[in-house]
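Once you scroll down, you'll see the structures, which are given as structure tokens.
Both complexes shown next keep chain A, but they swap its partner, so chain B is in the first and chain C is in the second.
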Partner chain A sequence: MAVNTEPNLNHLAIQTEALSRIYKIRGAKKGELRERVALEEVNLSVPRGELFGLLGPNGAGKTTLIKILTTLLSPTRGRAWVAGFDVVRESEKVRPRINMVSGGETSGYGLLTVRENLWMFAQFYGIPSRQAHQRIQTLLEMIGLADRANTKSSDLSTGLRQKMNIVRGFMTDPEVLFLDEPTLGLDVQAAREVRAFIRRWMDENPNRTILLTTHYMQEAEELCDRVAIIHEGRILACDTPTHLKQATQHEAIFQLWVDPEQALNPLALENLPGVLRLHHQWMNGGLQIEISLAEEGVLPLVIGELERQRAHLRSLQKRQPSLEDVFVQLVGLRMEEVEREHSNGYHPDPQE
Partner chain B sequence: MLRSPAIRSFRMAAWLGWQIESNWTDPFLFAIYSIIKPLAAAGILVIMYRVVTQQAFDTPVFAYLYLGNAFYQYVSAVTTGVSWAVIDDREHYRTLKYIYVAPLNIPLYLFGRGVARFLTTTFAVLIIILFGVGYLKMPLALNTIQWPLLIVSLVLGTLMLGLVGLILAGITLLTARHSYYIGDAVAGALFLFTGAIFPLDVLPSYLRPVGYALPITYWLELMRRALVGRVAQAFPTFSTLSDGQLLALLAVMTLALGIISLVVFRWCERLARERGLIDYTSNY
Partner chain C sequence: MSTVMATTPIHKNSGWRLFLQTVIGRAYPRVIGQQREKSWMIFEVLLPLINVAAYVYVYRAIGAPEDYVGFVVIGGAMIAFWMNVLWSMSSQLYWEKEQGNLALYIISPAPLMAILLGMAVGGMIATLLRASAIIALGTWLFNVRYVVMNPWQLLAVFVLTMVALYGLGMMTASVFLLFSREAWHYVNLAMEPVYLLSGFYFPLKNLGFWIALGASIIPLSLGLDAMRQLAFRSGPSLGFLSVPLEIGVLAVLSVVFLVAARWLLKTLERLAREEARLTENRR
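So, the complex of A and B:
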């Protein structure tokens, strides 16, 4: 008797099983091939109706995962299903059910107007012309682009072009929508509008699913029902933002602003018993120190050490843990530090 | 959902291709360019013919090479039109990944993108032929044209060239931006082997098989026969074959090419997916 090995996917919008992707990259020497692991044994289950976030620095593997799930890239190992269909074996069934938007790029046919670009993509998905025009108008109004509908897309700013692409992704009303850094490169106001638009779209229909990648903590915290933290191709944690933060709740996190009379020795602070992590930066003429302690009782030791180093305390504030703290706890570095290392070091795939 | 993916892929790609092809300048300049470019291309051949042969333009030889050269424009236009869409969408408009994510039939999408080039080339070929008949007195009469043969051959030939374009599109998926020239390069390389401007018998015997193996050779012969009938059939290469036999050969070769091109294209697509090249931008 044949045994069905397919997982039960009825309630899942996305599932991956030990999904891995290894890029083969040409080295500097002739014929040299190197391997770079972009995804390693990724297991994810995203139920229908969820806004799921993938949070990680640039180069973590977020885009690679989206490319595999949208059938653009083959996995090296493992399997993935979207809307109940295998992305490799049943890609023809996956595509009518999905759409994708990538941030930080200026894709689109510049010689067509915004409306023409969107209408054409609606036709690609077989949406009747009249219905397409209605949807386009509604979505353009929602995202604040209606007044530019008849402008050639080459004449739009990067931010407005990004908004056009967001409408392109949403207008087909996909079962599963993939948003790859949707607010990348947008100004604060535009990013806020886009986030509000995403949330409203999800609230309209409980069956819609979004997988959103971001390296903005606030975006993940504000939008996502659940968040997976990804680093170097591996999922390090996956839960609701609240639960993830609760995992670091036992730590006491303080922000201190000090005026040092002489150069501060942060190592002496870090070596104090009960100090877990420390991050400091100059800000507005003073030194801002963010410090994670095993318990609040360690704080007097810290203040004493600061006084010993003749750094005068200006203010002190206890703060709730954020996803940034979760990331730091898991990786040992802040996300910006990881990205800085990544940009300084070897990263052969410029698109990841 | 409206229409099958195949129909909407072809129809919308043809619309897009026409917008891209015709909107790069204002309509007046576009019309002038569309007339001058083919006439200039034909003019070079006319001058070379005159200088080299010192013969008149109303001879069978001139009709042979003039028509062969005119229709050969389709080879570069259609193959480039189909394959160039990959580069255009991937490198220039950065939309290829969205095309690939959409529920489209990609080969038919690419064929659709080639339609605009086919139409502008048809206009160019018409201009060239009108110039040849009206000004150079090439021996061609409307009442002797075999219209059914012309239409069937044109349709079959265009399909055949589209399939060659599909193979090139597959190769383009795996290569960098300089494959922009791949259609022109292939057209240029095959020019001498297809009997476009002289019969295959002129070639050394060891090179002739190349010409016989190419469906373009049979297609060009059919187009000439449809327009100037016996004048074309008098040339030695295919004089023993009837129009029907030539057409059957072209049909069989197109069918074989259809199978080969789809297999090659799917293979290239699979490799492109494995290597992550579908949305790769080389930034050359």
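So, the complex of A and C:
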């Protein structure tokens, strides 16, 4: 008797089961092929109506996961379902239900106006022209691009172009929307407007689902109902931002600004008993130290060591743990440090 | 204003309506967008005309029959279609990949075959304008005389040639889905030999039977030959095969190329998805 192995997906927008992707990369020598694991045994369940965040540095596997879920890439192992359908076997059923917007994308045609580009993409989803034009107008007004509707897209700034892309993705009212670094390269104001638009769209209909990838901690914290932290193709943690941060709440995190008379020896600080992690950087003529302690009682030891090194304390502030702290606790490095290693050739392949 | 988004249900067509909408949607940038760059008049009309003029003067200098001038003008116009198929069909999916459009085409419910057909139809319409301009200017400048006994047959040959030619373009576009930057080189490689084998500037017959027969796989060769036979007094005597036979071969080529394009597109899209070539160029 045949056994039905399909999971019950009615309430799930996205599910993955032991999803893995291995890239074969051409080596320097002729015929040489190397393997790079981009995703490893990823298990995710995203219920309908959730704004789910995938947080990780560049090269972590976020984009690979999105490509598999949007039917652009086959997994090497494992399975994935979107809107209840298998992304490999039933890709033609997945596609009408999804859309995707990537940060920094240059899609569309520069010779067409914003309105024409959006109309063109609406045709690919079978939206009748009149309805498409109404919807385009509404969304352009909402995102503040209506006055540029008849501008050629090649004449748009990066921020305005990304707003056009956002409209393109939202215009088809997908059941599941994939946003891959949607605010990448945007200035603060444009990024804020895009985030507000995303939140508003979610609030309007409880059945909409978004999977958002970002390497901006603040964005994940501000927008997402739940966040998965991904590093080197593996999901390290997955929970609400509040719960994730609670896991690090036993630590006491302080920010100190000091004026050192001589070069500071951070190693001496790090080696103090009870000091878990330390990060320092020069800022506005002073040294900013961020230090995680096992308990507050360790702080006098730190201040004593600073005085011994002739570093005068200008100010001190205790701060609440952030997702950045969660990431550091899980990976052992700050996200920017991981990205720096990545860009220095730590990973063999610059693409995700 | 925001309630419009949530409360207005979107109607989405599927099946043949979606197919048709996709074809029109993808043809639109070709037809409208390209006309916005006025430089096409120089690059795609005046420059080919200069080439045509060179052959016209050679033929007149050596005292060739006057119909040869007309052959060259028609050949010069048909080159526009070949260039369009090469640069805007075959390698187009590579450029779409570079631009980020290919990923959006794939994730949409639109059939890729409809996208390709839209590119073909749009390219054909846009190029028709250029080709017509070349014929009109060439005819006027070099005083070409046409003797068209059967305009409907001439139109049928032209349409069939276009279907076969753009079918070939759709087929090669599918193959190029797997290619990255080398696509550019292959396109370059295919340009000049086809100028020769299609007999753009001379009667196909002059290539000799076997070479002309081999060249017949390029729809332009037989299409151009049949059009010359139908448009000029000395055409039939300089033709390679009879017009009905050439029409038959063109019809077969049309079906073969379109069926092959459909099969290749499906197969190569699956392969490209497995090998991660739909969005990245090299792995």
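Note that in this section the second predicted complex is superposed on the first by the 346 of 352 C-alpha atoms of A that agree within 3 Å, B and C clash if a C-alpha of one lies under 4 Å from a C-alpha of the other, contacts with A are read in each partner's own complex, and residues count from 1 in each chain.
To be clear about the criterion, a residue touches a chain if its C-beta (ideal position, glycine included) is under 8 Å from a C-beta of that chain, and two chains touch if they have at least 3 such contacts.
Given the structure is predicted, the values throughout are model-derived calculations rather than measurements.
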Chain A as common anchor, with chain B and chain C clashing or fitting: clash
Contacts of A:H243 with chain B and chain C, given as first, second, both or neither: neither
Partner chain in contact with A:S74 - chain B first, chain C second, else both or neither: both
First, second, both or neither for A:R34, with chain B first and chain C second: neither
First, second, both or neither for A:E141, with chain B first and chain C second: second
Comparing the two partners chain B and chain C, which touches a greater set of residues in chain A: C
Partner chain in contact with A:Y23 - chain B first, chain C second, else both or neither: both
Partner chain(s) touched by A:R95 [first = chain B, second = chain C, both, neither]: both
Chain C-contacting residues of chain A that also contact chain B: 23-24, 67, 70-74, 92, 95-96, 98-100, 102, 105-109, 111-112, 116, 120-121, 123-128, 168, 351
In the complex with chain A, residue positions of chain B that touch it: 1-3, 5, 8-9, 11-12, 15-16, 19-20, 23-24, 93-95, 97-104, 270, 273-276, 278-281
In the complex, chain A residues that touch chain B: 23-24, 67, 70-74, 92, 95-96, 98-100, 102, 105-112, 116, 120-121, 123-128, 168, 349, 351
Footprint of chain A on chain C - complex, ascending: 1-6, 8, 10-14, 17-18, 21-22, 24-26, 28-29, 32-34, 36-37, 99-101, 103-110, 115, 273-276, 278-280, 282-283
Residues of chain A defined as touching chain C within the complex: 23-26, 67, 70-74, 92, 95-96, 98-100, 102, 105-109, 111-112, 116, 119-128, 131, 134-135, 138-139, 141-142, 152, 168, 170, 172-173, 200-201, 204-205, 351
